[in-house]
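One chain, subunit A, appears in both complexes that follow, with subunit B as partner in the first and subunit C in the second.
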Partner chain A sequence: MAGFTTRLSGNRHARRIVVGSLALVVPLLIAAAVMNALATGATLRLCINFFITIVVCLGLQMFTGHTGIVSWGHVSFVGIGAYVAAYLTVPVSIKEELFPALPGFLMQAQLGLAPAILAAIVVGAVIAFVIGLPMSRMKEIAWAMSTLGLLVIAHGIFSNWRSMTRGNEGVYAIPSNVGLWSAAAAACIAVVAAVAFKHSRLGLRAQATREDPLASQASGVNVTRTRLLVWIASAAVSSAAGALWAQYNLAFAPSQFYWTQVFAALSMIVIGGLATVSGAVTGAAIITVVYEILRGVEEDGSILGIGVPKVSGLAQMALAVITLLILIFRPEGILGYRELEEWGARLLRRRRPRPPGGAEPPPDAQAADTASEEAVS
Partner chain B sequence: MGAQELLQQFINALSLGSTYALLALGLAMVFSVMGLVNFAYGELVAVTGYTMYLLVTRGVSWWLAALCGIGAAIVLSLLMERIAFRPLRNASFLTLLFSSFAVSVIIQNLFRATVSPRQKGVPSPDFLSEVLRVGPLTASWLMVITTAVAAASLVALVLFLRRSISGISMRAAAEDFDVTRLMGVKANGVIALAFAISGLLAGIAGVLWVARLGAVAPHMGFVPVLKAFIATVIGGLGSLPGAVFGGFLLAFIEIGFHVILPSSMQPMVDPFALLIVGVILYFKPNGLFGGSGGK
Partner chain C sequence: MTAATNGGAGRLRAEDIVKTFRGLKALRGVTLEVAHGEIVGLIGPNGSGKTTMLNVISGVLAPTSGRIYVGEHDATKDKSDRVAHLGVSRTFQNIKLFGHLSVRQNIEVGAISGRHKAADPDAEVADVVRRFGLEEVAEAPARSLPYGDQRRVEIARALAARPDYLLLDEPAAGMNEQESDKLLHIIRGVRDEYGCGVLIVDHDLHLIMNLCERIYVLAEGQTLAEGTPQEVRHNQQVIDVFLGSAVIDEM
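Up next, the complex of A and B:
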C-alpha cells in the first residue's frame, strides 16, 4: 500500500512538472511563431530580448523566490556568463587584441552557441560554489549584504582588469549566434528547468527554509547546504542567460551588469510574483512591453505614434511606480503563489456547479486549495 | 610611512567616518522601529543637495540654503513614510526593501525630469576649503566642521534618546514594538518621529556631502545610502551604537586601502573594503553589535 502511494504521488509529481511546463512553453512557442511570421526590425529585437530576459529573471527567481533572500549579485553572474561567451566565441585574430592576458587554450578556442553557454554554466557554477561556501553560513540579511558586495566587487573587476576585460571600453566582435528560435528555445529550456526545480526535493526544501528556517531545520532540512545548492543552480542559470545575451547583443560593457539591470530584474519578478515560475515570465512580459512603450515617449516623444512631451527617465519611473503599487496592494505579486495552470484550474472549477455538501475552498488559502485539488484528482 | 602621515590619515578617516556615522545612524533609526532598510534614504541626501542648488543659484545665502535643505530632507522623509511605507506596515523584510528601492528610483527620476539629468554645481563658501594647519598636520575647515557637527549631532541625539519621553519610547519601540504599543505609545507617532530624525540626520550629512562634492546629480544619493547600509550591517542592523561604530570602521578600512593600494588600483578601494566587510560578517553574522540571535 505504501509503495502504491509513493508511485501515485510520483506520477502526480511528474504530471505537475509536465503541465506546469506546458502552461508556459506553449504560449511562448505560439508567441515565437507569430513573431516569426509577422515581426521585423525593432519588434523582432524586442521579442528576442524578451526571451533572453525570461532566462535572466528565472535565474534570479530560482534563488530569491525559493529562499526569500534578496540577491543583488545574480546580475554579476549574467556578466560572468557574457565574458565567458566572449572569450570562447570572438574570432581568434581579434581576441589577441581584445584580451592580451587570456591563457593560450582560451586564445585558440572558437566555439558555437551551445558549447559557449555550457561553458558559461560550468564557470558560473564553480564561481558560485567558491563564493557560496562562506556565504551559505550567513544569516539572511548578511547573505543579502554579501550579494551586494559581490555586485560591487564584480563590477570593480569587470571595469579594472583591463587585460582580461578591456575595462570600461567594453567587449565587441562577438559573432551573432542567437536568432528568434534559439532565444525561444533557451527560454523554454529555462522554464522547464525552473518548473522541475520548483517541484524537486531541493526546490521544496528551499521553499521550506523560505517559510521558516528554524522549523525546516528542525524537520531535517540542512538549511546551509540547501541554500548553497540553490545558489549554485541559480547562478548557473544566470550565467547561461549572460552567455546567451552576449551572443545576441554582440558587444557589452561593465555598466550593463549593474544597478539599472538589478532593479529591472528584481522589479520583474516582484511584479509577477516571486514564488512562481509563471510570475517571473509574466513580470518579464509586462515590464518588457511597458518599458518599450515608455521608452518611445522618452526618446522620440511619441506614445503609440501620438506625440507627447519628452520626459527624461519616464520609463524607469513608471517601472518603479508599478512595482510600488503592486507591493502595496498585492505584495505577493500578480500571480501570487499560484502558477498559471493552477489559476486555470481554479477558474474552471468555479464555473462548475458546486457539488452537493461540498464546501467551496476558502479564498487565498493555498494549502487548502491544493488539498482540494488533490481530492478532486 | 612616518608617524606624522599616519596621524594625518587618521584625521582624514575620522572626518570621513563621522559623515558615515551620521548617515548610518539615520538608516538604523528607521530600521530599529519598523524593520525597513530604507534604500530611498540616499534620496534624502539628494533632496538636501537639490534644495541647496535651487536656492544658492537664486542668490540665497549658503547657510540659509543649508537649513532649508535639512528641512526639505525631514519633509521628504515624513512624506515617504506617509505615502509609501505606512500602507506596508508589518510587511515582510523583502517587501519593505523592494518598496524602498522603488521609492528611490521614483525620486531619482523626478530630479532627472524636473531639474536636469546632468550634474549641477553648488558653490560652497570659500572658507570651507581653506586649510587649517596644526604643526605638520593639515585639515580643511570642512573636515573640522564635519567632525564637529557629527559629534554635536551624536551628543544631541544621545541626550534626546536618554532624557526625553519621546526618545525613551523610541528606544523602547526599537526593543519591542508590540509591547511598547501596549504601554500606550502611539505607533504612528513613534514611526513618524523615527523618520523625522532619520531625515534630519540625512539632511545634516547631506549638507556636508554637498559641500565636499560641490555638485548635485540625480544619482548622488546612491553612494551615501550604500555606505550607510554597509556601516549598519557591520554594526548589526538596528543597533544605534553599532551604526556609529560601523561608520567609523568602514571609513578606516577605506582610508587604509587608499594608503596601501598603488594609484592604478585606487578604483578597487570599494570592492576591497566590501571584501573585508564580508569577512567580518562571516565571523559575526549578526554584525559586531548584533548579539547572537535577533532580527
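Up next, the complex of A and C:
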C-alpha cells in the first residue's frame, strides 16, 4: 500500500494517508472491540449497520465531496451491488426459482463474501463507465439532474425486470456472511481507500475541478476525464457497500434503494462535511445514533427508557430539520474542510503555551490561520 | 518581426484572430507573437479585446476565425487543458485559485497536470514555493491569503507546470505602487530563471512600460500600434486613444 501510494503522489502524501487513515480506523476498531464485548441483539445490529453505512457514505462522498456535483444516483449502485451479491451467493437450488432468467454461469456460481464484493465492484465500475461517458460531458447541474434520472430508471428496472430481480417481491435467501468484524474491516478498508484517493493525483485534480472548473482546466486538468474517473471509482465503492449490505440483511426489495436511502446518505455527508472523509464517517455516526433514538420514540414510545408519546415519521422529520439547520448555519458541514487529525493538530497548537520570545509561529501563518477561520465561519 | 504564416519553434503566434460574440466583434483580426524569453505587453482601453485575446490564445474561448500556433503545433482548436499541455499557462483577471485547497496543493495541481507531470512533484512544488517565498503560508487555504499573495500563488501555480509561455491577465489589478513594483521584479525573475515568454495584459502603464520589451496596443478589437515602449509612447494614434497627455505623462 505504501509503495503504491508513494508512486501515486510522493512521500509526504504517504504520511498523510497513514495519519489520516489511522485517525479514523483506530476509533472504528475500538468501537468494534467495545461492541464485540458488550453489545447484543439490536445494539449489535445497529453497530454492524453503522459500519456498512460508512461504506455507503464514503462512496457518495468520494464523488460529491471531490467534484462538488450532488449525486442522487449512488444509491442505485448500492442496489446494483446488492443484486450482484444475490446472484453470486444465493444457494443454487433457490436461485433457479428466484431468478429464472439468470445466465448459466451465474446460476451455477456460489461465492463467499469477498469474491461477491469484488464482483460487485467490477460490475458497478463497468456500468458507471458506460453511463458515465455521456454524463461526464455535461455541466455540473445537468450531471446532477442526470443522476436523478439514474435513480428513477434503476428503481424502475429493479421493480419491473421480474425474471432478474423478482420485482417488488424482493430477493431473499442470501447467506449470512457478514458479522461485526467483517463489517468493521470493510469500513476500515473503505476509509483507507477514501483517504488514499483524496491524496492521490486524481483526487487532487478532482478537488481542483470542484473549486474552479475553468482554472483547473487552464492548469492542464482534463475536467471531463477527471470527473468520469471519480464517478467510476466512487460507484465501485457504492457497489461494494451494496454487496456487503445484502450479505448482512439477507433479503431486500427495490424500495430499499430509493428516496429514503438517498436522503439519509446525502444528509449524513452534508452534516459531517462533504469535503472530508472524516466528515462522512462523523455524519454517519451522528445520524445513526439520532435515528436510533428517535426510532425508539416512533416505535416504542420511549426515549432512553423514558416514556414519551409515539410520533410516527419523527426520525425522518428530525433528519430533515438537522440537515436544514446545518445547511443554514454551517453549510460546509460540521468538520468543514479539515479532517479529524487536522482539527486535532489545530487544537493542540492552540493549547500549547507560547514560549517567551522566539519559537512562535510566523506572523504570516498566524494571520492566514485567523483569516481562514473567518473565511470558514 | 517575421511575416511567417505559421508559428515556428520557440514562438507563440496568434494570427489574424477574429472573435464574434453574437454579432458583436470583440476581435477584428489581431495578430501577435511572443518569442521564448521575451516579455510582451498587451494594452488598450476597456473593451478593446485584451482579455478576449488572452482567452482565445489559452483555449478558454475558440476563435471565430484565425490560427494559433504554439511552436510548430496548430493549437487553434485545442481546449485550455490541451493548450496547457503544449506549454502555455495563464492567470486570470479575477484571481481564480482553488480556494479551499492549501497554497501547496494549488501549486501541486499545476505541477501534476501540466505537460511534464513532474517525476518528483513534491520537489518541484517545494522549489516553486521557495522561489515565491510562500513557505510560511504553504499549508494555509489559498482563499485565506491577502490579495497580493493570492496573485503570487496564481503565478506560482502557472509556473509549476514549467510553461514555455506565461499569459498574465491584469496581474497588477488592485495593487498599489509598491506591490506592483514587487510584481515587476517577480515577473522579470520568472523570465530570467525559467526562460519562458511572457504576455502581460494590464492597465498599469507604469508596469507595462518598465517591464515589457515589446508592446501591442489594441483598440476596438484591432491592433493600433506595435513596438518598443519608446515607439508606442510616441505614437500619435496611441496618444489619441488614451485621451491626451495625462496618461502618457504617467507612462
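As a convention for this text, the second predicted complex is superposed on the first by the 344 of 377 C-alpha atoms of A that agree within 3 Å, B and C clash if a C-alpha of one lies under 4 Å from a C-alpha of the other, contacts with A are read in each partner's own complex, and residues count from 1 in each chain.
Note that in this section a residue touches a chain if its C-beta (ideal position, glycine included) is under 8 Å from a C-beta of that chain, and two chains touch if they have at least 3 such contacts.
Fair warning: this is a prediction, and the values are worked out from it, not measured in the lab.
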Partner chain(s) touched by A:A275 [first = subunit B, second = subunit C, both, neither]: second
Touching partner for A:E211 - first (subunit B), second (subunit C), both, neither: second
Touching partner for A:R201 - first (subunit B), second (subunit C), both, neither: second
Contacts of A:Y337 with subunit B and subunit C, given as first, second, both or neither: second
Touched partner set for A:R12, first subunit B, second subunit C, both or neither: second
Touched partner set for A:A101, first subunit B, second subunit C, both or neither: neither
Touched partner set for A:G220, first subunit B, second subunit C, both or neither: second
Residues of subunit A at both interfaces, subunit B in one complex, subunit C in the other: none
Subunit C - residues contacting subunit A, complex: 58-60, 79-81, 83-85, 89-90, 92, 96-101, 105, 108-110, 112-115, 120-122, 136-137, 139-141, 143-146, 157-158, 161
Subunit B contact footprint on subunit A (complex, rising order): 64, 68, 70, 134, 137-142, 145-146, 148-149, 152-153, 155-157, 159-160, 259, 263, 266-267, 270, 274, 311-314, 316-317, 319-321, 323-324, 327-328, 331
Residue numbers on subunit B that touch subunit A, as the complex places them: 84, 87-88, 91-95, 97-99, 101-106, 108-110, 112-113, 117, 218, 222, 226, 229-230, 233, 237, 265, 267-268, 270-271, 274-275, 277-278, 281-282, 285-287, 295
Subunit C-facing residues of subunit A, complex: 9-12, 201, 204-205, 207-208, 211-212, 214-223, 275, 337, 362, 364-365, 367-369, 371-372, 374-375
